[in-house]
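Just below is one structure, and these are the notes that go with it.
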């Protein structure tokens, strides 16, 4: 099972984890990306995420399909939030379950890395120390 | 911040994740170990976990302290459940937050690997295909 | 040969820094460009995107494509600047 | 030399397969063993743990220790079989 989704409301992890319930799986790994109050030594006030929905959906699904093909995992879900986000808000959630933890860890890492590298979603940063805001993307960094 | 705990009731992930709230952290990784319905090709009916509480507490805390020293992470929590567990129950929960995801993934993996390798907790398996039960431990395997 | 035969109207979609640069999120565009690469060069002249082509990925009809992809009339075309989700 | 001077009573704690083997979780044990290693050999003779010493870790007073650790009267001693938490 795999599921990719773009939402404009708060991500609820509990209902997502429930979807992984599987008596054959011993390992579940999840990643959450939270909005930080700083980036490149600048104080961030909030973020805005936009996407190219049609392309983001097909790319996001492709990432999950590739994770399922590459690793011995059972299911993978990724939810990305769009719109205006405040400090501490969850921007992205990735969950993976598997019989064994090695595959679950590797696949979860693979999914978030590829989501960040390939899926057409963009983040605009707003700062506490200036009126300007900036679309992030010219520099490719890890979260 | 680090916290290791042994509990004899159902682990509640939501209240655990709340403890990681930190505006400077962009990444949160968690691992959950679930009771599987099979092990070494045998159908498992349920498990029983016991520990050496005093030693498990000091070893568990040492694992988390070492993770904090080794990786650029902010906090690490590990909760292990003891007693009788049914298929699908969460036996262990590990959570780690960090500014960046690389450290969070590595530290989470380090914690669960070391918890499984070092902390005096033992699992007894009960099977669907026989009356016998077995303490696991002579063979050291990944979950 | 009638020049209008070579002309195509495409629907451009702009995102992120490109939407900011053009001041638009979509645009009808009349072009004689044969490939998406030629169209990028045309638009870059118009708007000055200040981003090397190597950092950009073209997409036609909601799918990533090759820079040599031929353009058809009514295609929905977008140039994807570096992404920053997660 | 009074032999009783060398004798110590220790409190043994058994877990997992060792508790199953001995049928006990704790036991008062009178020993003349100087080190935990000597005590392990003594107990292994008594109960036949069927586990090589290399797979076992000794603990004294709730802390892992070296096999050469000297035993004191009233020590709480446990031999830890391979763990299987998680």
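When the chains are written out, they are named A, B, C and D in that same order, and each has its own residue count from 1.
Throughout what follows, a contact is a pair of C-beta atoms (placed from the backbone, for glycine too) under 8 Å apart; a residue touches a chain by one contact, two chains touch by 3 or more.
Given the structure is predicted, the values throughout are model-derived calculations rather than measurements.
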Contact network partition after chain A is left out of the picture: B, D | C
Chains touching both chain A and chain D: B
Chain A and chain B, separation of their C-alpha mean positions in angstrom: 24
Gap in Å, rounded to a whole number, between the CA centres of chain D and chain C: 76
Computed distance of Cα centres, chain C from chain B, in Å: 50
Chain B and chain D: spacing of chain centres that average the CA atoms, whole Å: 27
Contacts with two or more other chains, residues of chain B listed in rising order: 33, 112, 143
Residues of chain D engaged with two or more neighbouring chains: none
Listing of all chain pairs that touch each other, if any do: A-B, A-C, B-D
Residue ranges of chain A touching chain C (in the complex, touch as defined): 33, 49-52, 54-56, 58-59, 80, 91-92, 112, 115-124, 135-140, 143
Interfacial residue positions of chain B with respect to chain A in the complex: 13-14, 17, 21-38, 87-88, 97, 99-102, 104-105, 108-109, 112, 142-143
Touching residues on chain D, where the partner in the complex is chain B: 13, 15-17, 20, 51, 55, 59, 62-64, 78, 80-86
